[in-house]
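Listed after this line are the structures, all set down as structure tokens.
Both of the next two complexes hold subunit A, though its partner changes from subunit B to subunit C.
== the complex of A and B ==
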């Protein structure tokens, strides 16, 4: 034991660092990097995982050409973009609004915060299932509430191709706005009070205080929250599958749902690997650009 | 002390010994629905006779195919016996998931002639129609209809219907009549409650809308392929009659379905019917014992086979029971199958609510009177047609689900376009599978 300690003491800092890092690196290589490289390799083949004994053939860029030239894939990407853009916009606006509201001191503030945060603690699958009941045109609460304000008559949020894309936006916004709100609230609470005091001495209006102090201070937090939500929503699956199964038809079939169907129902492993690589590159590319923009905003 | 120990240890060892004796067990996988509960009940007799414990795993229909096919593809040992859907037989046989049963049948005097020919063809054989058996017909089934007989029997409704349509309100003989009756009830107030026409299959995720729309397409005379030129589908699957059937199904959805019935299959149809929303429901025979048993508060149910149109035909459901080739307990599993094939057990199976395919049961003089839906079941099993049973059936099902749902529920494009696109998708699948 003593000699082991002695040996350990004899190691350089760099060697000790490697000893600590190696297990993590091995894990990372095994469960992240290897599958990624394997998927990239598969994406150049016509491999079908369910066709036992059939050797995959190298097909070059055929899978990529097919995907990028397929109108239906672009439709799925548009549906995904609609979902991601609208959920981010709504979650940013409502989340920031709620955070500003809850940043004030009033009776019941903590209870209200807890209640608002509840939806994001639920399982997405559960949320999907119970919103199908809320959206039910005959007995659902959603129709009742909307018709209470204006008589639209019976409308089917999930069964209509016009309304279904909005139905998933509403549910995701309901579920994940609290997340944006919490991050913004953390940002708001980190703004020192003396900034507002100084602004008041300078006779700045509330609006000016918001534009010149609050918003710049909270913006990096908000952007971080939107980065997380953007990545999550780009690969959204469970909530939408439970809510609409991608329907009606393919009106809410997001790219990730289509990918799952191609990979694990049609078993087109090569083709779906190529699709997964394209999605990965898209998210990675957008993410990188976004982080750079975010860092520039922070530096200001 | 010794006495005390022996008092304690003797029962413990006895118990351990008992458990050891009963250690032999089998696991059977099936979908979670009423017949599965009946089979669980029936299997207690097998355990009593043989001492072999039966374990069951019943998976909800929506994830049944995913769960079971993944298990088979992964060569899983979870199941010794599997009651798999009729369309899986191709994959089960081709990829070696199921044990071939010919030798076992010969050795144990089990003859396929003792079972309904349509069920043997659909549930047991691969390649289709050849004497190569991979399953024993376990649960006969077809898509059929239940209706509110108590509403149909009301004189004022009968008179109004006759004056409007010129014929009696009763069991519809054709899809046209079915449509007349569905629209008659659509939005009608009965006993102070607004009712609707029919709960039909519209489910997008698994197989729901395909099973529903093919009930109409078969009745219009649709064939999947040229009988003389396999896998040649143009002009058959997308014939004018087939497109007309799909348009008709959309008309049924638009004019007869209750609001919000846009992603509905077995359970949703049952719920719509049981809650008194609809006059008709489309569903599998498997559910009729439960529906009939639960008739109460004035509800009286009637049942009928899929109506004819250009021809008489019905969508096949049901399953065969197979021995999983990856099981370590194949001998025990075959013992269960031998027991299940016995005519007396098949009679008990029918009595408990399972749909036996054994000719001794179906041909019995008492059979037709044994249940109100028995005649319909017999009629249906003579006219059933099934979806592709190819090893690639999942790949074939998915585009049909998407295209048909897109047209019927989403209103995108035309029926003809939907069918043409399905053929394109299917040709791609068959090409990849080396069939064309």
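== the complex of A and C ==
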């Protein structure tokens, strides 16, 4: 078959393949890989991007040593970890729960799914802005509703350093739970009916069916959803910048926000490039390990 | 055990319970969005009253404030002016202000449209070409190339923003529409290639082979047979790219200022007297969110595929 197709007129398949792929690769190399290599090179210098004309000096691994030995950076990493862990946990539980409920096919199912999904399609920055209004301690709807159920008096979700880390967890969970829900739902719908029929024949209880059939089938889907969310939230920037801008103090200063401050406010290009490389390696490393574990679970 | 129905069918009661919980969740989760849309129709005073007003007298003050710049004037000056000609002038006058000109909102909104459409067209076009090649031909290192394309999505935008900033400054692309279109095209390419490859894999090879036997060249077969067949997939991919460019914030806030700034970095900066002008922010947000909501409804069948880069198909 292959040789039959080969002899048609026009360019050879091989030529077409390269003509079709090259523009994409060139763009990615120019706008993604070149900047990355540039950043890696800069991470070994004391370059300041706002001081044009000053020759950057090679400083070896100094930037990396400084970052890894800096307690403040570790604080930022802890803040990031708090955000990532809690959002993943909440989105996994609520998302799976909603998917299980939606899987009991009732009327209006599709319409409800579409409506529930809306928050995650919105612009995170704009979502951040309007949640500052909902969280407003004097006039905010969120505060009013909370006080309606239990009277806490005046409280400031964004202005208090103990509450602020939770304020970003709540908004991110509100926004992205539909994501895990949708993917889990696809997992649930992929389970063939005969598995449950066989279980019924064996007189397995509903609970046993859930543990031995439903959960293992959904798990790969849930893990995939968490991988996507984990990567996104580790580099979280837009939502939190507009919501708390990293404050109060640095209570919600996630890694990306810190990076932005170092790179675009203090213009420490060399230092911030080193931090960017560390973040990238962390995401890549975690991602790789996670995918390996995920594939092992899938194989079982 | 009730044997009259299939054991797989949930009982009427459990189905009703599930529906109730889902409806409650839907209502609660939509309150924030409803609230910001409602706020856009409030007056400035009503937007900052406590307890929050659920029922209020609708006002277009937010929309007027969104589209205009105003300045406060002494009463004597206002009295000396000829009577207002339009309803919005009258509204502004009643707040003891005069309109000094249009605001930047329309400019920012059209920037969002220009950059969004430009980047969407380019990334879908280039993505379709690459996807076809990956789907049909033996490309050396195919899996590695596909993974490389995906991995570009893992970079934190801030990590590459400084080099791009410097590069754009040298090339004269800083704060230009073209620069932002190229940038968003690149960010969208990974998604476009992955999604479109999935869609093209689903089109039987026999279609183009038949066309080629009829005398089409491979190029003609691609443009006249494969592309029309892949139209649904292309449309879905285009909407996903559009939504991304529309919503993007990090690059926009770091790389643009005056000329090519899009709406997301602009909306938070809408300030009235003595703080943020909530009805105007609500109005800007509402106008900004409406296209995305429409897109979401149009896309609902392909949502899952889009958000997982084609990894999960229904």
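Basically, the second predicted complex is superposed on the first by the 274 of 300 C-alpha atoms of A that agree within 3 Å, B and C clash if a C-alpha of one lies under 4 Å from a C-alpha of the other, contacts with A are read in each partner's own complex, and residues count from 1 in each chain.
Everything that follows uses one rule, which is that contacts are C-beta pairs under 8 Å (C-beta built on N, C-alpha and C of every residue); 3 or more make two chains touch, one makes a residue touch a chain.
Because the structure is a prediction, the values reported are computed rather than measured.
Peer 1: Would you sort A:138 into first (subunit B), second (subunit C), both or neither based on which partner it touches?
Peer 2: both
Peer 1: Identify the partner contact of A:67: answer first if only subunit B is touched, second if only subunit C is, both if each is, neither if none is.
Peer 2: In the superposition, A:67 contacts neither subunit B nor subunit C.
Peer 1: Classify the contacts of A:28 with the two partner chains as first (subunit B alone), second (subunit C alone), both, or neither.
Peer 2: In the superposed model, A:28 contacts subunit C only, not subunit B.
Peer 1: Touching A:107, do we find subunit B (first), subunit C (second), both, or neither?
Peer 2: second
Peer 1: Which of the two partners, first being subunit B and second being subunit C, lies in contact with A:117: first, second, both, or neither?
Peer 2: The second partner, subunit C, only.
Peer 1: Does the superposition put A:240 against subunit B (first), subunit C (second), both, or neither?
Peer 2: Neither: A:240 stays clear of subunit B and subunit C.
Peer 1: Considering only touches as defined above, state whether A:170 meets subunit B (first), subunit C (second), both or neither.
Peer 2: neither
Peer 1: Is A:188 contacted by the first partner subunit B, the second partner subunit C, both or neither?
Peer 2: Once the two structures are laid over each other on A, A:188 reaches no partner at all.
Peer 1: In the superposed model, which partner reaches more residues of subunit A, subunit B or subunit C?
Peer 2: Between subunit B and subunit C, C touches the greater number of residues in subunit A.
Peer 1: Looking at subunit A, which of its residues have contacts with both subunit B and subunit C?
Peer 2: 49, 138, 140, 241, 264
Peer 1: Spell out the residues on subunit A that touch subunit C in their complex, using ranges where they run on.
Peer 2: 5, 8-11, 13-14, 16-21, 23-25, 27-28, 31-36, 38-39, 42, 49, 98, 101-102, 104-108, 110, 112-126, 128-131, 133-134, 138-141, 144, 174, 179, 182-183, 186, 189, 193, 196-197, 200, 221, 224-225, 228, 231, 235, 237-238, 241-242, 255-256, 259-260, 263-264, 269, 272-273, 276-277, 279-280, 283-284, 287
Peer 1: Please output the residues of subunit A touching subunit B within their complex, sorted ascending.
Peer 2: Residues in contact with subunit B: 46, 48-50, 52, 135-138, 140, 154, 156, 158-159, 161, 241, 244-251, 253, 261, 264-268.
Peer 1: Which positions of subunit C touch subunit A when the two form their complex?
Peer 2: Listed in rising order, the residues of subunit C that touch subunit A are 7-8, 10, 14-16, 18-19, 21-23, 25-26, 29-33, 35-36, 39, 47-52, 126-127, 129-130, 132-134, 136-139, 145, 148-149, 151-152, 154-167, 182-183, 185-186, 189-190, 193, 209, 212, 215-220, 222, 243, 246-250, 253-254, 264-265, 267-268, 276, 278, 281-282, 285, 288-289, 292-293, 295-297, 300, 303-304, 307-308, 311-312, 314.
Peer 1: Mind listing the subunit B positions that touch subunit A in their complex?
Peer 2: Touch list, subunit B to subunit A: 66, 69-70, 73, 95-96, 203-205, 258-263, 277, 394-395, 398, 402, 405-407, 409-412, 429, 432.
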